[in-house]
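Each in structure tokens, the structures are laid out below.
Common to both upcoming complexes is chain A, partnered first by chain B, then by chain C.
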Partner chain A sequence: MTAEAVAFVGVAVVLLGSSLAVVLTPNLFHSILYLAVALVATGVVFLLLDAPFLFGVQLLLYAGGVVTIVVFAIMLTERLVGRTIRQASRYLINGALLSVAVFAGVAGFLVQAPLAGARPGVSGDLTLAVGRALVGAFAVPLELLGVLLVIALLGALYFARSEP
Partner chain B sequence: MSPLVYHALVGFVVLNAVIGMVTYVTLLERKFAARMQSRIGPYYVGWPHGWLQPIADALKLMMKEDIVPRAADRWVYNLAPLAFLVPCILVFATIPFAPGLGVADLNIGVLFFLAVSALEIVGLFMGGWGSNNKYALLSAMRAVNQIISYDLPFIFAALVPVVLAGSLQLSVIVEAQRAMYGAFVFYPVLGQLAFVAFLVATLAAENRVPFDILEAESELVAGFRVEYSGMKFALIQLGEYAHMIATSFLGALLFLGGWLGPGPAWMGPVWFLLKAVVVFLVVTWVRWSFVRIRVDQILAISWKLLLPATLVLLMATALVVALRSTGGA
Partner chain C sequence: MPLGAYLTLAALVFAIGLFGVLTRRNAVGILLGIELMLNAVNINLVAFARFSGDLGGILFTLFTIAITVAEVAVGLAIVIVIFRVRRTVEADHLDLLRG
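Right after this comes the complex of A and B.
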């Protein structure tokens, strides 16, 4: 096994373990901490795929930002209000069956697909290429995503307005 | 020497240099604050001028009893200082002290710095929550509040030099400042405004007065670290000061031209450290001159003033660069 494969197995174990812990821990706060671990591990997967820019963005937006906001939401609901919210994972068996089915489906596709060769090597500054692509070929999708986010923001504003 | 050993060695040296620097920056800050208040500061431990004081402090903290509150969330409480310290130290990995002198000059340098330092909040939060103490919890809440508000202006201000240099790599950004009399802060209008915004956001990101509501002594005792003692407390302090120094380094690299300066090449790191110390002292100067402002004022400054201002600044910079590259201006 190459060093890359060993690293991937290590990251995959951490990622799967922490993802399972997110849904199985009864303590909501611990669940968020495992989520942070899972998101950082996802970032490391990007790093293994020679995409350091995505690694940075993953850390900045998800591990840093989203976790902060989720934790913030818990703070407003749990200890400060005095009501403890436990996470109870009901329908465990159904959920497990569903995820096994999804895994089987994805694995089936992968087995049938022709075996890809070695990953093509990286040439040039990838960060520069990502930046050029975002304002070049992918400018329209990027703008559309921006519009989508603005709509989401307006929706949040609508729900958060004070009732007369 | 294999590259693995070499990198481990460089990392070890930088790590210890950072820890040594952090120890002595506390003395620098105490002396500076004392001078501002017409005092002498630490004087008796070590001659001259109490230079052994940081070492005495470190020894004292190592020998203190380690107390874990009975009601604490043990794992979270014990891991929090580490989760806080590691990102604060890790950001030094990408800081170049001179051309080719540093652990790793990543081509996503600035992004790496911002992303990793965003992780610090997780450790802070673990401490605030795990202590099971209402003061610590309130402090952690305020911290999240403040960091959500000031992360964006900080990033936007730091991106102005990135856009001007056209690269996220810190060494390239420094070299690009040669054309601008050796520092982006001399860039007409844009440079100065971005630097001021960067300094204000730095104050908030470092939780310093006037933005230190999360450890307001008069209301929250010591904030999120109120239950910590001994070496765990020392680790949190270490992380906080390491973050401060790292941000000063970033400011010196982005706006003040890093190692550029007159004199031979070996003077580079000296210039760099001097500039970083200047940034640190400006921040300290503000800290000891102003009073703490209220929570709502902190949020208003960020969302109503700093965020729109830095956004407009960033767009103006992009426009200037675009016009310049097409030869329109």
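Right after this comes the complex of A and C.
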């Protein structure tokens, strides 16, 4: 096995294990900590796919931003309730059956599809090309994204305002 | 590793996230499952971009990550408002729109 294969197997084990822990742990707070591990593992998968810029974005926005927001939400609702949120699950067997069926469907498609075995070599700096594309061909979507973030900010503020 | 390995990993994470969405009672827990599913899609996008030599997938992943963060912020704001009004975040208890 090459170094890349060893790294891939290691990351895959961590990612799948922490993902399972996210959906199975009874304590919601632990669930978020495992989600942080899963998000960082996803970032390492991006690194293996030669996208270090996405790894940085993943760490900053997801592992940094999303996890912090969710922890805030948990702390708020938990303090308001005044007890630790235990979370029960329901329909375990039905959910597992449906998830396995979806995976089987995707896997059946993957087996049939003609997929590339080897990746082409990297030509030049990918981060540089991403930056050029963001202010070139993708400039308008980038601006729209900025507008969307402002709208989301205003929306969240509106929801979270104190009652008059 | 071949492209199929990355796609299989992403499909597994997607199935696990779907399981979480289907089985969690807590609204925040359901949101966490959705996060996992979106992550799996991002892995797919980057893998296809890398193996086809096209930059589009990586750019698309940047956009989906940013949009997801906005979605989480608004979603959690809604959860907190629901909690304020109804004193619960259990999805089963939120049946106000049931006919």
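Just so we're on the same page, the second predicted complex is superposed on the first by the 160 of 164 C-alpha atoms of A that agree within 3 Å, B and C clash if a C-alpha of one lies under 4 Å from a C-alpha of the other, contacts with A are read in each partner's own complex, and residues count from 1 in each chain.
Going forward, a residue touches a chain if its C-beta (ideal position, glycine included) is under 8 Å from a C-beta of that chain, and two chains touch if they have at least 3 such contacts.
Quick caveat, the model's predicted, so the values are computed rather than measured.
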TODO: Using the overlay on chain A, decide if chain B and chain C clash or can fit next to each other.
DONE: fit
- [ ] Determine, under the contact definition given at the top, whether A:R90 touches first (chain B), second (chain C), both, or neither.
- [x] second
- [ ] Tell me which partner A:G65 touches in the superposition: chain B (first), chain C (second), both or neither.
- [x] both
Open item on the list: So in the superposed three-chain picture, is A:V57 touching just chain B, just chain C, both, or none of them (first/second/both/neither)?
Closed with: both
Task: First (chain B), second (chain C), both or neither touched by A:L20 - done: second
Open item on the list: In the overlaid three-chain picture, which partner chain does A:L49 touch, first (chain B) or second (chain C), both, or neither?
Closed with: second
Task: Residues of chain A touched, compared between chain B and chain C (which is higher) - done: C
Task: Touched partner set for A:V100, first chain B, second chain C, both or neither - done: second
TODO: Look at the superposition and give the distance in whole angstrom between the closest pair of CA atoms, one from chain B and one from chain C.
DONE: 13
TODO: For chain A, give the residues common to its interface with chain B and its interface with chain C.
DONE: 53, 57-58, 65, 69, 72, 80
Open item on the list: With touch defined as at the start, can you tell me which chain C residues reach chain A in the complex?
Closed with: 1-9, 11-20, 22-26, 28-29, 31-33, 35-36, 39, 42-43, 46-47, 49-53, 55, 58-59, 61-63, 65-74, 76-81, 83-84, 87, 89, 92
Task: chain B - residues contacting chain A, complex - done: 73, 76, 106-108, 111-112, 114-116, 118-119, 121-122, 125-126, 129, 137, 140-141, 144-145, 147-148, 151, 168
Open item on the list: Under the definition above, what is the set of chain A residues touching chain C in their complex?
Closed with: 4-5, 8, 12, 15-16, 19-20, 22-23, 28, 31-32, 35, 38-39, 42, 45-46, 48-51, 53-54, 57-58, 61-62, 65-66, 69-70, 72-74, 76-77, 80-81, 85, 87-92, 94-96, 98-100, 102-103, 106-107, 110, 115-120, 123, 126, 129-130, 133-134, 138, 141, 145, 148-149, 151-153, 155-156, 159-160
TODO: Under the touch definition given earlier, write down the residues of chain A that touch chain B in their complex.
DONE: 29-30, 33, 36, 40, 52-53, 55-60, 63-65, 67-69, 71-72, 75, 79-80, 125, 127
